[in-house]
Each structure stands twice: as structure tokens, then as C-alpha cells.
């Protein structure tokens, strides 16, 4: 498949990467229903680990089965399926080559009380390679007192990944003692978190949809002084995209908790209008019955294709 | 020995593993009185380390001798014998090739006060190889503040083990500041612990028999909302098995403290009815006189063969 | 380009380095408008990471784009452009060979509360090599309780860098529980910080302009006893240069917050008079409109060329 | 020298070791006045490090000289001489091949206040090899909050030592926040400590003579329930030997502080009667004038040869 | 130059070292005005790092220049010049082969508040090799809660250094929570510190001149019980030398703060009378004008040659 001009443009931002990484970036951009558009919808399923099995899969018990998610991502035409080590190992051989895979390299659970938010590194770049993945995923918590540990582990992982031709996707989720609860999704913090991920060498960056709250006093002064519009979600997404190397890094937004399909689509429409490169949608996909999930994902994909 | 269709089915869930690991998984499944059934009974003896010698072996002093346990596992037709480094080193040469061995790689004792439950890593994958083991065992304590350390050590061990063709067995025993005492065996926690072990890449998962207690409020809502049956042990075991990749990982249950043979067998019957893949039974085996232990293990094996 | 006698003199201070490092030191000294003078002006842009995107780039939104800074450094005739991993990766291929690059290897952000000031190591010497850099930059915080960690990481980085022929630039910024706020820029502390950087093996040292405050009682006694002049900025800069191996290491001074062009130039004039080897100027450059920035940098360069 | 049947029996317990380690075990068992008996007396001198020079050597100033101890061990017919790195380096060349050497790999001193008892690792397996040692010694403190660090360091050391054909001797000295002062030599704790050392892979285990105190409530129940005799030192030693793999590991007992020769011999007689494999005797040997020390060691050896 | 019998005797104490290390030990003993006497005077200059530049060099501003110290050591006929990484790098090429160099591998500064005294490791054995050094220097603080870290880092450094043929010089300076201020130079503590350094594998040991204070109660009993003379400095030095392997390790003494030449010489005379192997003299040398320093060093050397 020849590259579209949009994909060629995106690749031009990653010109310092080796051909191995560029190849896998193309695999990601050119797979599924959004192939060639420069947009992407990814199915991530790490909730079994992060929230526990019953909270994650009781609404749709078929989803206890790791194979279910591979098939859902394939049938929905997602660009990729992202999951922790165990899940990918369970289906990687059976579904080999049918959908780009992203190995989520770190994970947390809700059983332990930990002082500083910090996920455990549960997989490795070599695991990703032996499972045939196009990339690795890693979560950072800017705002955590364990920030340095996370950034430094990511440095090692990202260096190894790009040497071995993989794409690096960073989930940048601010939290920790440095931030208020509201501040975790504040527009200034979200933009800052995206910048940090970009500076740490992420190829693709996943953040949460930013709210209109502003957390840092010195940032507030700037928004006011320069009249930067942050009233609508579209405006805020545009700001985050600009803050991420002036739009020269692929930034996608997560979907959050399960909600009504209309609410999901309305949010996606706003984000698409703001220049989002796509969505990464877990619970809203796999906690619905399969038919509903396929319908919703098709609608989301339609918005990204058509812009509305 | 040709593979039974059940063993072939089980192997199909591990299709991303290399032939070395599959070979050792077959050795585990095809040894002893339950060979070919897809069920397993394992003899684990780490109590000398975990509880001290007199608490462990005074009831049956022959058991002070490491050779005793090798012979017991062989004569009882167990699928494997699992023990720490010292115990395996003591008998591995004499009993070479007579019973599959699992090297327990981490251990705790009751002499020290430690802030966060965390076992010491007392053996290595290379120790397992030089002793002729089919696999390695590793204990995690989900709920401990030292969770990350354990998960990350396991990541390294599991990656090395599967590269070198070994099976990875994870003891997943929730405990620590994040959990109430009752919560350590709560059904939701037990299911969560099994999921975590599976996501960390375990081939075989050992958990404790779950009680009807539910620890996490958000899990409770799910059990109620979706009417998930957790009244009987069989139901709870079924739930745990489902939570572990929808039954696509071998989950076995431990036997706990010594108790009357009838009580042991009743519990095993319930667990077998719930779809347990087998039992791992230490104190109930080695703290009995040898003849009684052989009888009890024979009865347990019978239940797993016959389903009652 | 033949070496000037001043560059030859500077090189003579680094005679224990291998030819690879000397080559890159020459590249740094012989590039741009100050080539051959032994003076240098460097454009550093790590504020996106250190202060967040909106605080850094809202005043001049073109600066959100990583390419902007490469072009600014080239057009202004700077000796080098220094930035974190992500920024350099974004433009290193497009601007390959047009301006010497310095990879800033560690970074901090303002989102987390950390007990002891300590930047995360976010890049590696191998990253610098694959991106075509002439050197690496590293920040130490003398006065921090995490001092040892920083000095020891730098030891490893500096050893690897000089083996691989790179120049080592150290940002030496005193801060931490051992110092008062005022003490962070005290003349004695600044001189001490420059000495530490030199002893740790830095080839080029960046400090802040020293104030007339003296922090350590035992240092104050010395200034008084020996009548060392520290009233004017020029005198203090001269003292710092002397303290840094008697002027046998390249010491440059940072520009600090954005301020009026006149104030910038006045400060630079004082520092040049005191024997500064140059300036490293970030916010005063990239937060101005491009034309103004080019003008200011030209004026700064003029001062270093002409001495006034 | 042909092996005696007793030495052959002992070797049979170590059948999983490689010939290199077996060779060094034979060197240990077949050297000196107790050669071939399966008993051993070892001279350990680490008190210079552990208690300081004046406390250790003032009573017999010749003992300040490292050569003194080599000669004492040789002349007394000890099976081996054990000491820290510096001591062995001082004499290893001069006395090469005259007495089996054991390099004590970790040490503590009394100058520092440390929160958790934890010795520093002051030597390495490679040091032992270059000095011609037959084995390495390592102290663990079961009961310390730093337990995991010690067990894990020992794991690495023991794995490397056995790969390189050395014998591993573990000093197992319970202490730390988990134990009362009295509990450090309690019979249950001593037996537990010996078990732990055996499980960690020790070939030879050194413990202190156990007292009749019982520290752990659950152990006490067992002693009472099963009527295990622990009244005399001989009985307690027998219990410890049984607890250590049913007598299939070489367990030796330390001598403690300097005391009258009669008291030393009486204690040794009890321990020999209980089945001790020998004694490791430092201060009682080197703090006496040389002639007295030789006499005492000869008497101890006589007891182990004759059984009384 | 043929070896003198005294140097041959000293070498005999180091007979387990490889020829590379012996060669460098001879280079140290056979250089300068004390060549062949078995005595040594070393010029150490790490005060720029340890105390800051102005406190160190304001009294004699020529000393800001790293070259100054090389030349001073050469002209004074010192056995060696010891300094941190930066200082040696500055002059190692220019003065190559003119004076034996010792790279000081760890350093502290006075800017930070640290809980436990612990120097940062600022150089490596490979740095020492590339700079042409005969040995490496390392400071330990017995009495510090960070003792284990220091001893273990030294273990690695010393093992690597002796493999690569270097001499290991240990500065043993007791301090930390385990000691009173007075106790840092107490005679028992000083003797203990010298023993520890010897046991850790030091070839040359540097301690402070011991005072008559006794810190540890159990040591005091010994001094009294055995009537060990510790009234004069000569007696105390003799005790320290005895405590250091009965005089079979080279022990040298530091000079401390700047003081009048007479006081320096008086102290040196006492130490020489007590059997000191020499002096390591920094501030008393480089803080004097060059001519005075040369005179003082000549006088010190004369004392060590003539014994008075």
C-alpha cells in the first residue's frame, strides 16, 4: 500500500528514527478502517490488571477471554490492540499478523497502598519482540514523587525500543502529591504532561481529555495574558496538540469510564474538531456487548474519517 | 506417550511459548497418577523455611530429611515436587529424572519483622537448570507495598525462565497494608490475584481457596449487580477460574493447614466441581505418617480423576 | 579552518582528552559568529520540560515548534543548540550538520514535589551519538541532599562521553537544604559550584551570574582577610573564572529570566569584562519575536567579539 | 589419601555439587589432625574487624600479626583458617598450600550505629580464588529487617562459588528487631537459623551453641506436644543437627568469648555427644599464649576424635 | 634502580599481589627524595572540592592552577601527588611521567547537608589508568551509618584496581553518628580505622594523628589492663602501626590544618619516632608561598630520612 501524503507528512516528523521504527509506525497508521488517514483508534485492555477482573469484565463476561479482545480489535478495524504481557501472550500466536500489537510494559493494581503512584514494570522490549508487537506502551505519572524512577525506566526502554525498531507509546497521566485531584486533568497540566512525554522520546502520546481547570498559577497568568482560548474541549485539545511540538507528535486521547454512546461520540467529535489524532478506547468498547461495541467503534471511526 | 486431547487443548493456550517450555509443561502434565488428565497434584515443601523446622516436621520427624519428600512425591504419583534451593540440592542427584522438580525461587521466614511483606529471592533460574527442574516457582504478595519489587523481579525471572524453556509457577498470595486479614482470601481478591499472576506471565497459578468475603466495595457492586454466584466454594472456584483468562490458564489451589482427611477431601471435591485444575498440598501430606499421606494423596488424585 | 592561537591555547588545557573529544571541542569553538575567538554563545531550550509549555512558549508561539530553535541557533550564529531528547530528535535529521548540538541528559519538571532537588536522567550518551551531537549536558545541584546520586551519575556519563569523543557540559546550579535561597547565587557558592563541576570532569561549565552575597562564613573570612574584590559583577565573574582551575576551563554564564534587551546587554558587558567565556541564553532569546531575538543575539555576540 | 567411609558418606549428601566443590570439600575434611573423621576444627579470626584490634589482640600481642594465625592453624592441625580479605592477603603467598583457607566475605564493625544488623560485603568469590581458598564464608542475621538483602547477596555469592568449585560456609547468627536478646541463642531459633542456612545452599553451617530458651510460641507448643528433649546442650545440639536436613549437612558450633580451658572442653564434650560435626574456635584460641592455645586445640581435637 | 633491602622487606608483605601492583608500589616507594627509604611524603590536593576554592587557595592564589601542584610535588621530591579527577586531568598530559599520580576516587563538599557522612564516587579505576596513575585513593568514614555502602564500593574498586595493577590507598577517617566529635581522632578509633582499611585490602593507609582520648569503653579496659602506653604521640603512632597488621602495612599520617612550620615539624618528628611510614601533607604545603612550602617539605623529608 502506497503511503498517503498525510502519512508521509507524519513520517517526516520522525525523520531521526531508524527504518525499523518507521516501518512499525507505518504499520500502525496503515492498519484498519482509518488506514492512511493519519488518524487512529486503538483498543487498550489493561483494566483486568489495573481495576481487577470482576470490575472490568462482569458487564460483558465474554471479555474475560483474552482472545475476545484480539477479535474485537480486528473486527472493529482498530489500528492496534494494546494489553499487558499475559493478555498478549495468550493470543499472540493465534492472531499472529492480524492486528498490530502494543505491549503495555508497566501496570498498577488497586490492591496495594503505595506512597507515590508508581506502576510496576511488568514486561520488556524483548517480550514485545518475541510476541510480534509493533510497539511498546508505558505509563508515566507526572506529579508523582516517583517521577524520576519512571522517567529513567522509560529512558532505558525507549532507547532499547527504538534500537530494535519499535514504536514507543506513552500514557501520560498526571497524578501524585504535586497535584490536586482536579489538577490531574487540568488543561495546563495535560499540556505539560504531553510535552514531557514528547521530550522523553515518545512517538505516540496518550493523554486524558483536558478540563477547563488550570492548576498552576504561573500557567494561569499566561492563559490570561495571551488570551489563549480554553473554554471548549475542542479549544483545549487544540492547545494540547500545539503544546506537543506544535502538532508534530501524534497525540491521542483516552475515553475514560463507560458512558452512553451519545456522550462518547459527542466527546470524540469535539476532540476531532480540536485536531486530536485519534482515540484510545477501552471500557467503552469491551464493557458493551460485542455488537454494540462494534457499532460504537464504527461511529467513532466515522467521525475521525469525516471530521464530524 | 501420546498427548491426550485435553493436554493438547491446554497446550493450545500456551501457543506463544517456545518448544522448550511446552516440553516442560507436558512433562508436568504427563507425569504421575494424573498424567494426561490435565489435572495435577503437586507436593510443595517450603515450610522448613517459611515456618521453621520444628513447626513443620515435628509431627512426622522423617520429614526432616529432604530425601523423604522426593520419595513421597514419587510414590504418591504427584505431578511434581516443589521446594527451595537447599532441599532440591540435597536430593536432586539421587532422584534425578524420577519426578518433575520445581525450584521455589523466593522465600520468607518468621524470624524477622519486615514492614512490607516481601520474600527474599533465594534461588535463580540457572539453579533450576543445573538441578534438572521443569520449572520455577515464585511467590507474589498482591496488596503489599513492596508489590513493584516483586512484580519486577518476577518479570526478569519469567523472561529468563521462558527463554531457557522452563515453566513459571506463581504462588499469588494477597497480603499487606492494602488488605484486611479477611480480605487476603476474599473471593474478589483471590480472583484479582489470579488475574495479576496470569498477566505477569505465569503458566501455572496457585491461589488459596477463596472465601465468600468480598473485600473491595467496587467489586461487591459488580457481584450484586450481575448476580454472580459466590455462595459455595465450587462457585467461587469457578469464578476464579473464569477470572483467569476465562479458564485458559492452569489454576491450582493450596490446601492450607493440616486438618482431618475428610475435611481435606471435602474441600478438594468442591474445588474439583468448580473446575480447579488441581491441588498443591504440603502440610496435609508431609505432616501425616507416610502411609496416611499416601492414602490421602491417592484419594485426592482419585477425586481429580473421577470428578468426585 | 586553521585554529586561531586562542583556540590552540584553550585546547592545551584539555591535553589529556582523546582526539575525538578535542575534535568536538573545536567544532564547538569554531562554529558560528564567534568561531575562533574562544568565546561562545549557546542557545539552550529545556524550558518546555522544566517550566511547562505555556509558560515557556506562549509569549512567542512559533517556539512551540522544535524546528524553530534549530533555525534560530543557525541564523543567529550561535556556537551550539542544547535541548532535551525529544526536541533534538524532532529536528536532528532535518538540520543535520548545520549547528553543533548538545543533548541535555537530565531534566526536572514543576509538577512533582520532590524532597531533594534531583533531575531525572532522560537521555544517554548513545542517544547523543545517534543524533550527531558534539556533546552532552548535565545539571548538578550542589547543596542538594541527592548530591551523591548526581555526581555519581555524572561520573558514569562523563567517562562514557569522553571515551566516545564527546564534550561534557555541566550546568552547576546550587540548591537544596544546605543553602539559603539567596545562597544559591552567592559568589562563594557560585565559585564553589564551578570548581566542583571542573573536578567532576566537565569540559565546559555553566553557572549563574554570581551576586555579592556570601553564603559560607568560612568563605567570608577569606574574602575579607585577603581583600578579594567582589563588588561588581565583573569582579565576581573574574573570581569565578579564577576559581575554575585558574581560568583553564571554559566557564559560561546563563541569562536567567526574560528581561529588557538593555539589561541583558549590560549584564553581558560586565561578564565579558570579567573574563567570561560566553553566555548561554534561552528565554531571553526564544521568548522574543524572532527578529528581536536575532538582534539581541547579534548584540551579545558583538560584545564578546569586541569586548564591549 | 583414600577417602574414609565417613567422608564418603558425607560427600554423598552433596551429590548435586560439581567435582570442583567436592574436591574442596574433601580438602577441608581431609586436612589436619581430624582428617578423615568427618569432624572439623576451624580457626576463624575476624575479630580485628568485628571488635577492633585492641579488644582482640591486646591479650596476646603476637596475634596482631596476620602470619601468626596461619602458623597457629597449621601447627594445631586445624582443618582450615578463616579470615577477612586483608588478613588472608597478608599471608596467603607465604603459607600457600599449607592450610585450607576460607575467605570471610562480609564483616561488621562496632564503630557505626546501624538500624538493622547488616554486615558489609568486603570480599568476593574472585578474591577467594586468587588467594587459593577452598571456600568462602558469609554471615547472615536471621531476624534482621535487612534479611532479604543478606539472603539475596548470599544467593549470588553461593551460585558463583559453586560454579567456581568453592565450598560455601554460612555463619547463621540470629539477631535483629524480630528477636529478643535471649532469643538470639534460643534452641528453636538456632535450629531455624541452621535450616535457613541449609536452604540457602550452605555446604557447612556455623551456629552458636543453643540455650534451653524457646523464643517462638508456636515452636514451644511443638516441643511440648511431641516431647522433644532440649534440656541438655547435647540434646539441643542433636535437635539442631536433626533440623538441618536430618543431619545431612555439616553443622559446626562456635566457641564464643574467651573462657577457662575446662569450660571450653566441657562444652565441646557436650556438643560432640550431641552429634556436632566440629567447632570453630577463635578467641579461645588466639587470645591465649601460643603454647596454651595449641594445648587447648589439641584437647578439643582429641574430644572430636575419641568422642569424649 | 636496584631495590634497597627495606623496600624488599616492604614488598614481602604484599607477596599476594600481582607484579603489576608490585611495580606501581615500587614506583611509589622509589620516587623522589625518600626513594628507597621505605618512607614517603605525598602531596594531596582535594581541598578545592572538599572545602571550596576560596578557603583552599586564597592564601596562595597560584594554587588555583592545577599545574601548580604537579610542579610543587615534583620540585619538592614528593613520592606522589594525589588529587580528584578534574585536577589530574588538567595536568596529567603536561607532566606525564614526572611524578607518580594517585587519583582520589571519592569526594565530598560542604554545600550539602547529608544525613550520614558519605562521599560521592567521582572517578573510576579506568580513569586512573588512562591518566597514568600508579594508584587510586578512596576515603572511608568508619562510624558512619553509610559504612556498608563505602566498604562495598571500595571492595569493587580495590578488586578492579589490583587486577589492573594499581596501588590502593585508603583514607580512613572515622566520623558519623556512632562516634563523638572527640572520638573521631581517639587512639582506639584511629587504630580500629587503620585495621578496617587493612582488612578491606588497602596497600597504603592514611589516618589522622591519634589523640590520647579513648572512645570505646571496652577498648579503654584493654589499654588499662595491659598497660599499653598511649601518652605521647609517638606511643600512639606506634600503637596504630602495630594494630595495622603488626606493622606489615604502610601507614601514613595526615597533617591537618595549616599551622606554623615548627609545629608541623615537631609533630612529624613524634610520628617518625613512633614508626610512621610517612606523611601526607596538603594545606601545610600548598597554602604557603612556594618557597616556604619547598623548605617545609624538605625539612619533613629530612626528618623521615634521618629519623629526627
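First chain written, first letter: the chains are A, B, C, D and E, and each begins at residue 1.
The definition used in the following text is that a residue touches a chain if its C-beta (ideal position, glycine included) is under 8 Å from a C-beta of that chain, and two chains touch if they have at least 3 such contacts.
In this text the structure is predicted, and so the values were computed from the model without any measurement.
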item: Partner chains that chain B and chain E have in common; value: D
item: Path length in the contact graph (chain B to chain D, fewest steps); value: 1
item: Touch-network distance, chain D to chain E, counted in steps; value: 1
item: Angle of the C-alpha superposing rotation, chain A to chain D, to the nearest 5 degrees; value: 145
item: Separation of chain B from chain C, taking each centre as the mean of its C-alpha atoms, in whole Å; value: 58
item: Between chain A and chain C, centroid-to-centroid distance (C-alpha), Å; value: 36
item: Of all residues in chain C, the ones touching two or more other chains; value: none
item: Pairwise touch network: line, ring, star, complete, or other; value: ring
item: Going from chain A towards chain B, every chain in order around the ring; value: A, B, D, E, C
item: Residue ranges of chain E touching chain C (in the complex, touch as defined); value: 48-49, 51-55, 57-59, 61, 64-66, 84-90, 92-94, 107, 109-115, 118-124, 126-127, 130-131
item: Of all residues in chain E, those that touch chain D in their complex; value: 13, 15-17, 142-145, 147-148, 151-152, 155, 159, 174, 176-179, 188-189, 191-193, 195-196, 198-202, 216, 218-219, 222-223, 225-226, 228, 239, 242-243, 245-246, 248-249
